[in-house]
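Okay, so subunit A shows up in both of these, paired with subunit B first and subunit C after.
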Partner chain A sequence: MKIEENILNDVSSIKLEGRFDANTSDAVEKFIREKIEKGCSQFVLNMGNVSFISSAGLRVVIIIARELRNEHQGDLHIAVLQPSVKRVFEISGLNNILKIFNDEQTATEAFSK
Partner chain B sequence: MQQSYDFPADTAVLEKIGRLAIDAGSNAGFNDIEIGDIQLAIDEVCTNTIIHGLKNDQNRAFQMVIQWNPGEIEIQIHESGEFFDPLDLDDPNLENIMEEHSAGGLGLYFLRELMDEADFRIGRDGVKTWRIVKRKS
Partner chain C sequence: MYIRFWGVRGSIATPLTNVELEVKIETAVKLGIKAGITGDSQVPDFLESLPLHIRRTVGGDTACVEIQAGGKILILDAGTGLRRLGLDLIKRSGGNPIEAHILMTHTHWDHISGIPFFVPAFSSENNLTFYSPFPGLKERLARQQNSEYFPAPLSPTFRFVRLNEHTQFQIGDVKIDIFPLNHPGGSYSYRITYGNKTIIYATDSEYKELSVNSVKPFTDFFHGTDMLIFDAQYTMLENVEKEDWGHSNVFTGIDMAIEAKVKKLVFIHHEPGYNDEKLYTILLKAKEYVDINHPKVPLELLLAYEGLCMTL
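On to the complex of A and B.
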């Protein structure tokens, strides 16, 4: 799993590349947690290059979004889902709970609205 | 067509298992959505086996058998690790999935939703077997 971060207007955009599964989910969670501990509370998770997600990956998305909303007045926006990943979000119902955008820029700008 | 593989209890093998699932699903004639479902189901079973059954002990192994015919695929996962009955897990609370502890059991939920058959048994010899089946609709 490749993880890259770009910060714009206090929003941390994190781009993932590869599989988001039980082998990689801990690294993603650790990466985001370190940013939260440094004071960031607004995140965009760009998953355009994520080819696969399992329940282990979804679990990280859920607990990070929950923590940001409940404890930091922040949120986790999801940007760009491949069809197979989008299907997993839909089956789990997360597409109705999280804010999902078609591109990273819109997901980032949504924090300032 | 049937193929059998032995893997160490290491989540690093999940990527290779994913590729095998894609190849087998494609050879059985499933479309991209169905192949994605098969890949997810196999990943969930193997993750469960590695983490809960074999406690991430890379010195222990599990066996995966993939059998397919046109329009049908069956996967069996065998392991003889710690006693663990995944069917004891509650279904996830999808209505309140953002609440604490509501996301547990998602993997098992995916199995039931995406596959035509998903059953688990423990043999007299202690070997635990997951069997999942998908047929073209």
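On to the complex of A and C.
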């Protein structure tokens, strides 16, 4: 899994590429937690290049979003989902608790509204 | 091996309510009118065509599963489903002594509350043995039947065998392995092998860390089984909200089953707050998850319901 970060106006935009599963979920969680420890509380997770998400990936998304909201007055916005990943978000119910955007810019700007 | 599910609900017995029953009848009648049913002969096919949540109830009795293998009767857990299994054993026995081996995952209420109502225990001629790695199982079960809680004490018919969780043991020609699960107070999984078939009963377990390395001890234990009976009490979101309550969900079960090359995955320990429609919707979503993420994997998914039986 390739993980890249771009910071704009205190929002950390993290672009993932590859499979978000039991082999890679730890790395994603560790990467975001390090940013949280440094004081960042607003994240955009760009998943446009994520072709697959398993329960391990879903769980990381849920626990990070919950922690940001409950402990840091922040949030995790999701940007750009491939159709199959979007459907997994829907059947697992994640679309009901997360803000999902069609592009990274809108997801980032939503923090300043 | 033959398996039959006598109790599939988690936490507390959950009888079908009159309102739920009336909704099923009303829906069935409306669908019958729509289908143009005019005669008795059409009824069997019509009933067969109804959605599962209308023509069936998953059931409200708590954990109890029967396995018959090598001439032995094994009972997994002794929740309220044990009561009707006991009556059936008496009917089947034709008056002959009953021999049954009861493997206990743990002693939370939903896994022990059928014991006071297990009628075969009322006869000292029957040979009924409990197995568990927990120390003091007899004392735990006896406390459930203290006079403050129940009018009769624990039956003296029962015998107790303390298991070593690291040692395979046998009941006749049936081989049994044990593995500890993640549940408050502890719980154990049983891997039951007879001939070249295996069934694993793994209820009441939570998997908080889902990385390959974290789940490997479990997927190693589950590896290659013909049937994995898996705790899927919660949805994915509830599983995070109810952290440390000791249960799991269908998506985690699917990923672990695929990693372990399981053939059939049976979801059990259903949330008492879920009605039949919700449970069958969860099953459909689970099947869609497999279709999306693992379209080439031949994993069969089943929702455990009272009366589900099959031969492996």
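Methods note: the second predicted complex is superposed on the first by the 113 of 113 C-alpha atoms of A that agree within 3 Å, B and C clash if a C-alpha of one lies under 4 Å from a C-alpha of the other, contacts with A are read in each partner's own complex, and residues count from 1 in each chain.
The rule is simple: a residue touches a chain if its C-beta (ideal position, glycine included) is under 8 Å from a C-beta of that chain, and two chains touch if they have at least 3 such contacts.
For clarity, every value in this text was computed on a predicted model and none was experimentally measured.
Participant: For the overlay on subunit A, clash or fit between subunit B and subunit C?
Facilitator: clash
Participant: First (subunit B), second (subunit C), both or neither: which does A:Asn49 touch?
Facilitator: neither
Participant: Examine A:Asn23 and indicate which partner it touches, taking first as subunit B and second as subunit C; both and neither are also allowed.
Facilitator: A:Asn23: touches subunit B and subunit C.
Participant: What is the contact status of A:Ile62 with respect to subunit B (first) and subunit C (second): first, second, both, or neither?
Facilitator: both
Participant: Determine, under the contact definition given at the top, whether A:Asn102 touches first (subunit B), second (subunit C), both, or neither.
Facilitator: neither
Participant: In the superposed view, which residues of subunit A touch subunit B and also subunit C?
Facilitator: After superposing on chain A, subunit A residues 21-23, 52, 54-56, 58-59, 62-63, 66, 84, 87-88, 91-94, 97 contact both subunit B and subunit C.
Participant: Where on subunit C does subunit A make contact in their complex?
Facilitator: The touching residues are 210-212, 215, 235-237, 239-240, 249, 251-252, 254-255, 259, 285, 288-289, 292-293.
Participant: Considering only the defined contacts, which subunit B positions touch subunit A in the complex?
Facilitator: For this pair, the touching residues of subunit B are 11-12, 14-15, 18, 32-33, 36-37, 39-40, 43-44, 47, 50-51, 92, 94-95, 97-100, 103, 106-107, 109-110, 113-114.
Participant: With touch defined as at the start, can you tell me which subunit A residues reach subunit B in the complex?
Facilitator: 19, 21-23, 52, 54-56, 58-59, 62-63, 65-66, 69, 83-84, 87-88, 91-94, 97
Participant: Spell out the residues on subunit A that touch subunit C in their complex, using ranges where they run on.
Facilitator: Those residues of subunit A that touch subunit C are 21-23, 25-26, 52, 54-56, 58-59, 62-63, 66, 84, 87-88, 91-94, 96-97.
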